[in-house]
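Shared between the two complexes below is chain A, which has chain B as its partner in the first and chain C in the second.
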Partner chain A sequence: MSAQGRSRADLLLELADDELVLGWRNSEWTGIAPFLEEDVAFSSIAQNEIGHARALYELAAPELGLTADELAFDRTPEEYRCAPLVELRRLEWARTIARHWLYETADAVRLEALKASDDPELAGIAAKMDREELYHRMHAEMWLDRLLGSDEGRAKLEEALEELWPYALGVLDDELRPAYRRRVEERLGRSLPDVEPVPRGRHESELSDLLAEMTMVRRSDPGAEW
Partner chain B sequence: MVYEVFRQERKGQPFAHAGTVSAPDAQFAEIYAREQFGRRQESTALWLVPRESIREIDEFPDEFDLKYRRVDGYSIKARLKEARERAGTLPG
Partner chain C sequence: MTRPAAAGRVQAERGDPTITPAAVWQALEEIPDPEIPVVSIVELGVVANVAVLGRQVQVDFTPTFMGCPALDTMVRAIREQVAALGGEADVRVRHDDSWSTDRISPAGREKLRAAGFAPPAPRSDGTPTLLQLERGPFRCPYCGSGDTRLENLFGPTPCRSIRYCRACRQPFEQFKTI
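Here is the complex of A and B:
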């Protein structure tokens, strides 16, 4: 899909849904991350992503005649516009790091494009998000180096990359994919296969479980003011 | 590696010990310290010091009980004022 041909609200929802669902997935490590410091750091990154989602929903909400909470919680799984990459539930650290790094790198490419947008609100929120994403990227890069630094880590990372690469390509619009591929290949020092991207709009089976859990409290008392 | 973390709450204030982070290297330590001691805007700056770089002194013998070296019970305020009056340097 290309950036042309969809509304500003739809574009905002794609971004917001990516951040919300990834934030939720990352938060599944809270309490069980490899060690305490990482637990705190990764949980904090998850909170940041959910904060970005909230800001993006708030921007889209008036155009759609809904509130940010209604957008985040009251849609059916089919209505979410997140990329399948963020939906995957893979509670294995090397896979989590591979997804985190692939996503943050794709997000960097996407935010750069958005910062150059003619729409001052879009450009503004992209710049604001990017100032926090910088630290997410530092965290992801550092872990990538760590995994690449040992045979065991490298093997696990390669296996995860092989699974996730088609998903990662699906995060971005067609026109941003070449720049993304270049960046990823340069960093890994090797080329990646030409594969069919897993497109946005398709959903992984685990998304509905995630949404059921995420909206449990809200559904327990519909219409309540929290 | 254990890093001792010192935190400055506001610009110009002294750094105070805030806690520790365990991390495999300095780069990880920076990320972890930022999240643990900075994410709530509670710090303007952090210092990270590898624990083994800290030199500790914890013995201060005072065998002859030299009380006159201590300032307890010595009202410096009044004496300082007198001294300043004599010297003509009393402020305001």
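Here is the complex of A and C:
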């Protein structure tokens, strides 16, 4: 990953911002999922992702002279380094499942690379995250099968995958994309188009709305000890 | 994990100023898991190491699930217990890969089961798969039947899944293997 020439702190922020923002998006299903067990599942996945973000911010914080909370809440939207895939507000089930599966599959490829890192802290945290992500992947795969099991589900899923594929490619560095593409195509049993990835650093308009809501309470009393 | 046979708290009570690792381990054994108080944090396996230098007590702490809200409570409790021994705790939270559900002690597993939580399957059974969770013989902690089904990979806290026992018709919480 360092092949891209970014600092360790920047890499940690990319990972942390992806997990925080996706965790927040997943939490939007709390209370409104199509049935109760999915309320529980998406809430629990959200909690895991935000926990990963916290640990990653804590690792980056000393290098940047900030606290984990300051990193999570006190930056401007432009300063976030998350991939646009996680920013999208997708309150429609098939699109949520498509994003969930595309992200978790990309994250698996990324974590495998990080686990082999020379940096023991980075390799260790990636391995710890991966133990939990395994359950996210099982959940995503289960839903993928469920949607692929009916004509209507398949049609909705295919439409969402088509839309999100350029975003999904943007989660990973260049060198990891071929492995990712292979994994996705193998699972779907078809090839996906050669498209330009939606790059990290560009932001969807939905991100500002998300951050405004996410930081509302903290901004109501700056510097307070909660 | 190096855990000397605990017998040390007596020293502190006698006013002996020496803090021993055994005394620290014994004090930590009194800290219940904030969410499942039937097991201690030592039985949970999150205390990776204790080192004592005079009054300074270094405790290496390996969180269970990274988003577990009980972590801060555990760290605070460690500091309080060490302070009660007359020491000062330096709790080092290690986000490495050293904790897994295999670190839960045999006594801890039995206490979980008795409290209605099915203990995690050992990792030696292989990395969990959906097929295994759907078809595997997971035992009901209430009646012992293996005729149970997976209801939800996720549960009320990050560490648990939900299963249902067809024999005694009870839902129960199954510790995830991680």
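Simple rule for what comes next: the second predicted complex is superposed on the first by the 222 of 226 C-alpha atoms of A that agree within 3 Å, B and C clash if a C-alpha of one lies under 4 Å from a C-alpha of the other, contacts with A are read in each partner's own complex, and residues count from 1 in each chain.
One rule holds for everything that comes next: a contact is a pair of C-beta atoms (placed from the backbone, for glycine too) under 8 Å apart; a residue touches a chain by one contact, two chains touch by 3 or more.
Computed from a prediction, not measured in an experiment: that's the story for all the values here.
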Query raised in the report: Is the arrangement of chain B and chain C around the shared chain A a clash or a fit after superposition?
Result: clash
Query raised in the report: What is the contact status of A:139 with respect to chain B (first) and chain C (second): first, second, both, or neither?
Result: both
Query raised in the report: A:77 contacts which: chain B (first), chain C (second), both, neither?
Result: neither
Requested in this report: Please indicate which partner A:35 is in contact with in the superposed arrangement: first for chain B, second for chain C, both, or neither.
Outcome: first
Query raised in the report: If you stack the two complexes on chain A, which partner ends up touching A:44: first (chain B), second (chain C), both, or neither?
Result: both
Report task. Name the contact category of A:166: first (chain B only), second (chain C only), both, or neither. Result -> neither
**Report entry** Overlap of chain C and chain B interfaces on chain A (superposed complexes)
**Finding:** 37, 40-41, 44-45, 135, 138-139, 142
Report summary line: Within their complex, chain C touches chain A through residues 65-68, 94-97, 99-100, 127-130, 133, 151-158, 162, 176, 178
Report summary line: Per the touch rule above, chain A residues touching chain B in the complex are 35-38, 40-41, 44-45, 135, 138-139, 142, 146
Report summary line: Residue set of chain B touching chain A in the complex reads 21-24, 27-28, 31-32, 34-36, 39
Report task. Could you pull out which chain A residues touch chain C in their complex? Result -> 37, 40-41, 43-45, 47-52, 54-55, 58-59, 120-121, 124-125, 127-129, 131-132, 134-135, 138-139, 141-142
